[in-house]
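To keep things simple, chains are lettered A, B, C and D as they appear, and every chain counts its residues starting from 1.
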Amino acid sequence: MYLTHQPIDLASLIAQVSRAEHGAIATFTGAVRDSHAGREVTALSYSSYESMAEHECADVVREAEAKWPVRVALMHRLGDLTIGDVAVAVTVASAHRDEAFVACRWVIDQVKARVPIWKRETYADGTVGWVDPTVPGGIVMARPDAEASRG
Amino acid sequence: MYLTHQPIDLASLIAQVSRAEHGAIATFTGAVRDSHAGREVTALSYSSYESMAEHECADVVREAEAKWPVRVALMHRLGDLTIGDVAVAVTVASAHRDEAFVACRWVIDQVKARVPIWKRETYADGTVGWVDPTVPGGIVMARPDAEASRG
Amino acid sequence: MTITVQALLFARYAELVGADRLALSLPDGSRAGDAVSHLRAGHTGGGLPPTVLLAVNGRQSSPDRLLDDGDELAILPPLAGG
Amino acid sequence: MTITVQALLFARYAELVGADRLALSLPDGSRAGDAVSHLRAGHTGGGLPPTVLLAVNGRQSSPDRLLDDGDELAILPPLAGG
């Protein structure tokens, strides 16, 4: 299971990969920021195509463990988050730090590129946007009527 | 204070650098491995020229925070450690993951290159070695008489 | 002969279409891209962009992928995880 | 005129020399490298390698660094932190 609706416990992810033969652990955590593209963010919600996302996360972890002599733990949170909450955590243990850093960076990049997860931001002015890295500005505003019907 | 004789608390290091404007935190922890250069390690002790080491750690942190838009926390443990104990932890918070990864890697490399800390390993056969990255094999065996006098 | 495909919509596309799941009846031999064109030609799917990311039965697929009766076709907005 | 310098020894070098602190009396105008040569020429410092890492008053220094009376000269084994 790589997706959770609960807060992510970094210590338990680290414990999951640590072995006596591992001297190096590289970790990445992505947290909810208070601003995006110049807008003040007040709330954030992640949704996912969960069955596909679980498959993709498992593939990413397996591929990383095949490419480097590492053990990888990965967790992505879904649902409603507040500023400062950890949205994603990657932990990579290895005998040496080179592979730990390289694999950790590769895993988070792959997660962002391959795992079907979407981010819906609420701004201080009450408007709502969908994060979309493919458009200039990185946000597509939600339709007010859709927003009203959602609430 | 960058040196401690107590166990390193990763969560408190992360809390030290986290800010609402930081989306990315990269962390490195180095732990005591159960083997080194083919020898089974059973115990390990770190010593330091502490006043100089504190200065060097402070310089490394300040230089990293000048080179990149990041906040850095750093802690190195001294004294007697057992297998799996965290010996060093680096935590770097930034708005984006590129700088977090690059700065985290830079800090741990600088710590290893500049901070006066030494590692004394005890092996399963009762012998003792000083870790020395400048010699082939990476270990200079301690003199048995010195060892006896130490105990 | 026709096949029935379950179209899944997510995030902004679910908002655009006003549904997160639609049953589509398509001619036998339809491909994933044909299903999206069919949806886009209708009232509800008019707002979908010209190119979308597709997955069939939970695995990313090209628009050329032949559809079978009962397939689950996911239409994915640009990914924004992490 | 002579100066007195506190030599600090660490880890393997403290083991080699059998002490972690020695007071050295040196001629005025001595440099950090001279202090190490002086120590190496004596009984206790004979095991020190030909090149060592040096710090004067807590900051890394070259062997050319002029010493003042009361300076603290640290003789550092190869670093092994992290």
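By our rule, a residue touches a chain if its C-beta (ideal position, glycine included) is under 8 Å from a C-beta of that chain, and two chains touch if they have at least 3 such contacts.
Quick caveat, the model's predicted, so the values are computed rather than measured.
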Shortest chain-hopping distance from chain B out to chain C: 2
Cα-centroid distance, chain C relative to chain D, in whole angstrom: 75
Centre-of-Cα separation between chain C and chain A, whole angstrom: 25
Rounded Å distance, chain A centre to chain D centre (Cα mean): 52
Residues within chain B bordering two or more other chains: 30, 108
Residue list for chain C, restricted to those that touch at least two other chains: none
Pairwise chain contacts, counting only pairs that touch as defined: A-B, A-C, B-D
Residue numbers on chain D that touch chain B, as the complex places them: 8, 10-12, 15-16, 18, 55, 58-60, 74, 76-82
Contact footprint of chain B on chain A as seen in their complex: 10-11, 14, 18, 20-35, 83-84, 95, 97, 100-101, 104-105, 108
In the complex with chain C, residue positions of chain A that touch it: 30, 46-49, 51-53, 55, 76, 87-88, 108, 111-120, 130-135, 140, 142-143, 146, 150
